[in-house]
Amino acid sequence: MSTPQLVMQAKGLVKRYGQVTALDGADFELRAGEILAVIGDNGAGKSSLIKCLSGATVPDEGEILLDGRPVRFQTPIDARRAGIECCYQDLAVAPAMTIAENLFLGRELKREGFAGNVLRMLDKKKMLEVAMQRMADLKVGIRSMTQAVETLSGGQRQCVAVARAAAFAKHVVILDEPTAALGVKEGNMVLELIRRVRDKGLPVILISHNMPHVFEIADRIHVARLGRRAAVLDPKKISMSDTVAVMTGAMRPEDIPADCLAH
Amino acid sequence: MSTPQLVMQAKGLVKRYGQVTALDGADFELRAGEILAVIGDNGAGKSSLIKCLSGATVPDEGEILLDGRPVRFQTPIDARRAGIECCYQDLAVAPAMTIAENLFLGRELKREGFAGNVLRMLDKKKMLEVAMQRMADLKVGIRSMTQAVETLSGGQRQCVAVARAAAFAKHVVILDEPTAALGVKEGNMVLELIRRVRDKGLPVILISHNMPHVFEIADRIHVARLGRRAAVLDPKKISMSDTVAVMTGAMRPEDIPADCLAH
Amino acid sequence: MDNWKQNLPPIGQLGPFIALLLACSFFGATADNFFSAENFSLILQQVMVVGVIAIGQTLIILTAGIDLSCGVVMALGNIVMTKFAVELGLPAPLAIACGIGVTALFGLINGLLVTRIKLPPFIVTLGTFNIAFAITQLYSKSQTVTDVPPLMTALGETFQIGGTSIAWGTLLMIAMYVGMWWWLRDTAAGRHVYAVGNSPEATRLVGIPTERVLLGVYVLAGVFYGIASLLTVARTGVGDPNAGQTENLDAITAVVLGGTSLFGGRGVILGTLIGAIVVGVLRNGLTLMGVDSVYQVLVTGILVILAVTVDQLSRKGGR
Amino acid sequence: MDNWKQNLPPIGQLGPFIALLLACSFFGATADNFFSAENFSLILQQVMVVGVIAIGQTLIILTAGIDLSCGVVMALGNIVMTKFAVELGLPAPLAIACGIGVTALFGLINGLLVTRIKLPPFIVTLGTFNIAFAITQLYSKSQTVTDVPPLMTALGETFQIGGTSIAWGTLLMIAMYVGMWWWLRDTAAGRHVYAVGNSPEATRLVGIPTERVLLGVYVLAGVFYGIASLLTVARTGVGDPNAGQTENLDAITAVVLGGTSLFGGRGVILGTLIGAIVVGVLRNGLTLMGVDSVYQVLVTGILVILAVTVDQLSRKGGR
Amino acid sequence: ADAPVIGLITKTDTNPFFVKMKEGATEEAKAKGAKLMTAAGKKDGDNATQVAAIENMVAKGAKTILITPSDAKAIIPAIKKAQDKGVQVIALDSPTDPVSAVDALFATNNYKAGELIGQYAKVAMGGKPVKIATLDLFPGHPVGAQRHNGFLKGYGLQSLDAASNELAKPAEVVCMADTDGNQAKGQTAMENCLQKNPDINVVYTINEPAAAGAYNALKKAGKEKDVIIVSVDGGCQGVKDVAAGKIAATSQQYPLKMASMGVAAGVEYAKGGKKASGYVDTGVTLIAGKSVAGVDSKDTKTGLDLCWGNK
């Protein structure tokens, strides 16, 4: 069995905030075309990990490889240039701006011809249409795309952030608890969306506390614990309760049956 | 069978935001000592409903009764005076303040004797201890109670808000998606906490999208749909998939078997 | 289905507009000679300098900043362009470019301090206020510069439309407002200005170079101050080192009266134009009413509060 | 286990303090007569009025507000208390109480406009700036009030400690800073001030009467302005209608130099004291160095920016 | 011996009048081998900064302090304290109240300056009915009040005395507006006044920049020929404007003279321990484009010889 191609890899990431060590030598591997779930207790360092991968924070130590080449993301712009899109847990949205604007923030569509190339005018109509389409895909009943995001319900707001990340990625999609605030129907739509993204060939990193979701969709499960990677599990082999045991520390990584580990 | 005592009741609540009608004649009933789950699609008006009940917003129409007496909450202060505590979905925390301060915001403990009565000095030591205790109850591994809330992980922050609501209620506890960002372990701890609150005799309103949680803990399920109450279900009688069907509108309320309705 | 909403004037403009209408009807009723095309043309000429400064100020306030240095930087540009033309004998267009260059340089300095060292804009621009002020006084020896070339005062000239004389500078100001309004509304760069002010962290996280946006805004504001320098020369016909010392408060007042939030990210630049006109109308109207100067101050205070009250109440009604 | 962290000075105070030390060592090295107890006592006397105004300003800025009216309200209080004593013949304590009552009343008006009609504090206090200024001029007929009773100037008197004369007013100022620092840190009301500034919505939702907190802050600030009125009388021995016109910027500068955020909710009031002293040290040191007055303005601009830069860099290091 | 240290505290750094005064003092100090320290208020009327400046200069060892008091009364305790430490304090330009609070006063009489242009304007108008606009400084400023009230007195209208800080407003004054002594604001004020009353025929201005602004406004309205502008200060640009016929007359004052006299007195005191005393009026001269009967005036050529600022 040939080793699958690694799209993203991190070795020994360390991130300290004052006295708190959020990441304590974390490793990470993402394979081409897979859905990798990242799970772990609250404060295990999941968000800190993906923030390093997406350029939102710069790790204190450790290195990150993209397609085998070392990269140093100083800002989210660097990661974005590399085709990585991330939906953050604390929803990076501009509350006073409209849904359509938030969806296209930093990726605005310009008009054709003179108006777009010289005047650099936005194609608002097109953006509205696309936004409408994307939100419909997620079955979110939002009436107007020109509504300010701050007027949305918690779940609706989350849908905006998820739709944005999924829409623009060229290389890797990272979703930090995308379904946390979503209803059953909307949550399923997001899972559906994730699958569609994977089917386009993009690997997805999915952070979630929702075990049924994780087991439904993940190809491999990365378990974060105390700022490190405790294990990488194969959801087809291991049971949900064993997974939770590893996650909470009730089961030591050494005790995991070898065939449950993902390889 | 005698009608159980109604602690809180709302009739025909209407709340409009510009063109959006968040509540469209919603009714609501909370019985003494019960855990009432409120479920519904994103944007169904759940948060709007409980904001009316907790004084955070004033409904445009409709009336609210507390212990059978009509009340008009103009501000959250009024509701708090009536012993109602609420944990909001968008976490009403002051990010720059510490965990302990956030826990006791508006309910600060004063020192004994002169220092407290005349100088009105805070008993910081006591507050720190109690905060430590409360967070330990929820099994959240937070190192220091004097950390600013903005430095916490998403789940840790949610625990602070939940702990606050549960700690100070005298009459009704309202929790808007308290477990959304929580890990498996922490989520279970919050369910545990909710049970304990109920066992003290306080009724709890729990908004959640997590069906297993809802079915595990709720005594009755209020299904919100399009700004109204679609039905009140009995989780012991109805199946999870039927509930979801009612919630999403796949099953019309009229078609629900009569014995599945809670009474 | 979204279209009719978009075409409604945003609430942010309606409020100041109502305040303006009320102010006008008040003075129309109490002061003679207030309602005349000539008088309105005059008011527009009088607000043109503050109005153009306030364009830059609006941009900065939209990013949740504030610029105290705007007026004195304008004065420095004014002295540089007139002295370069009169004393160094530079051709007028070149001298004007130098003046605008200096104000843009000050914008750049402000911007660099705000973005690179992350200093609060209030303190940065308080510092550059002092610096620009001192340089202006030292360079000009506090002396007015006279005999400026006619090209520099061309914008102060008027032309007739239906018997009313309108200054070219007024037209330029209005054109710039409309241009910036369009730019802020219809280009990506403009939307990014709002985004940076509304939520800098979110804007950074979606991969917008927030520092570059901020820097651009400060430099652009500097350019507007430079254009305001030229307008001051055009209006007074001289280089005046003592211009601009109270223009910062005036400009901020115009911005706030115009409904832009000092916390950034919310507001419409056309509101600022109306805010600036309200300030001009107050001054003009009170003089026409013959109110004594101390009482003018008193009444200005009351009317400013009334104007925002009207604005605020009309917003509530509008929701 | 949390204790050692609590006992460290919060970063918010360390930065300004380092800036102060740097400024002192700079002037100590370049200006004669700078390092003397007498000179420091002098500096403290010079900052006492702005220092006390800045207490009120800090409170307001902590709630994410700003007060432009502080200085002229102080001047009004100053005129009211001196005129009431000198012309109406009220006993000094009563006259002082009246003066403080008037400044508190202005605080109340500001507070009511901010909380009830929800107007932006910038505009409200710009309005009351004009109103208080005009009333001061009208009531005093722009005349200085002389022959004030000795009780009113008592705080300007000095006493000797080890050969250094220290003014009572200085002591009062420091006492009030320590008192307010304690109050903000150790009482529920004080913490609510921070909470309102940090997140007004969250504070409202947990059931704190945010409007009452805000109103209280504005009134309290008014009281401090009243005390500053008394200190002005004590320092100059007269009632001065032209006092206070630039004190608003000075006070805000002290607050910001002291590390308090203009966006509210973050800062330590002792930092403001240090900020006020930094401003005083700059002025004193530059004069002692014999720097020409225009260059003083220039250097002040540069040093203000340097001071916050030091502050900012020391914060980064401290994390 | 060490060079004597002399402090000069002006009202502001922006008014060319004070800037010239400072230049004059600097030159004189250099010539006489004295060391000059300078300070200035942040704006007109800023007493607190002047008090601090006195204290700081005394701390630095100044033996003579020259001050143009922003507030005639409020500055006195600080002066007293300095004098108690053996410092000679001389008021320049404006007196303290009481005048005896300082050792000496080298000043100009602003009320008289106003009276001169008032008298001039009255004769120049030749008894025609008058409609006056006054472009003043800003509320509460003594110099602004003295010039304004002096002008009205000189014109023979109902006015207030030299001690008042309020502005008189007889019926003949149809428009009053503040300018901060600034050209752009002067222009705005005049424009508004013309809207209010197009028949204004006499304009009093606080200083020459304001007068230049007023002239601009009148010229735009095509009325510059019909209106007499009078002003105070006598800066070179102002005198040139008189020569050009923009301003009818101005009262010239002499900041350089005040400054050099002050510095000389400071050096004297340091050398011989003899303090200056008394009031020296440095004089006011009416400079007019056309002289009129019954009012003494000098022509603009004389004015240019004596003026301050860029010749």
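A, B, C, D and E are the chain letters, set down in written order, and residue numbers restart from 1 in every chain.
What we mean here is this: a contact is a pair of C-beta atoms (placed from the backbone, for glycine too) under 8 Å apart; a residue touches a chain by one contact, two chains touch by 3 or more.
Please read these numbers as outputs of a predicted model, since none were measured by experiment.
J.: Which chains are in contact with both chain D and chain E?
T.: Touching chain D and chain E alike, sorted by label: C.
J.: Looking at C-alpha means, what's the farthest chain from chain D?
T.: A
J.: Distance between chain B and chain C based on Cα centroids, please, to the nearest Å.
T.: 49
J.: Could you put a whole-Å number on the gap between the CA centroids of chain B and chain E?
T.: Distance between chain centres, rounded to whole Å: 72 Å.
J.: Taking the mean of the C-alpha atoms as each chain's centre, how many Å separate chain C from chain D?
T.: Inter-chain centre distance comes to 30 Å.
J.: Please set out, as single numbers or ranges, the residues of chain E touching at least two other chains.
T.: 13, 139-140
J.: Do you know which chain C residues sit against two or more other chains?
T.: Answer for chain C, listing residues that touch two or more other chains: 137, 294, 297.
J.: Which residues belonging to chain B are in contact with no fewer than two other chains?
T.: 144
J.: With touch defined as at the start, can you tell me which chain A residues reach chain C in the complex?
T.: 56, 75-77, 79-81, 86, 88, 91-97, 101, 105-106, 108, 110, 119-122, 124, 128, 144-146, 164
J.: In their complex, what parts of chain D are in touch with chain B?
T.: 1-2, 5-6, 186-189, 191-192, 194-195, 198-199, 201-209, 265-266
J.: Which of the residues in chain E end up touching chain D in this complex?
T.: Touch residues, chain E against chain D: 10, 13, 22, 35, 37-40, 42-43, 45-49, 51-53, 55-57, 59-61, 70-78, 97, 139-142, 145, 164-166.
J.: Which positions of chain E touch chain C when the two form their complex?
T.: 13-16, 19, 23, 136, 138-140, 167, 169, 174-178, 180-184, 187-189, 191-193, 195-196, 209, 212-213, 216, 220, 237, 240, 309-310
J.: Tell me, which parts of chain A touch chain B in their complex?
T.: 17, 19-20, 39-44, 47, 89-90, 140-144, 147, 151-156, 159, 177, 180-187, 209-212, 244, 247-248
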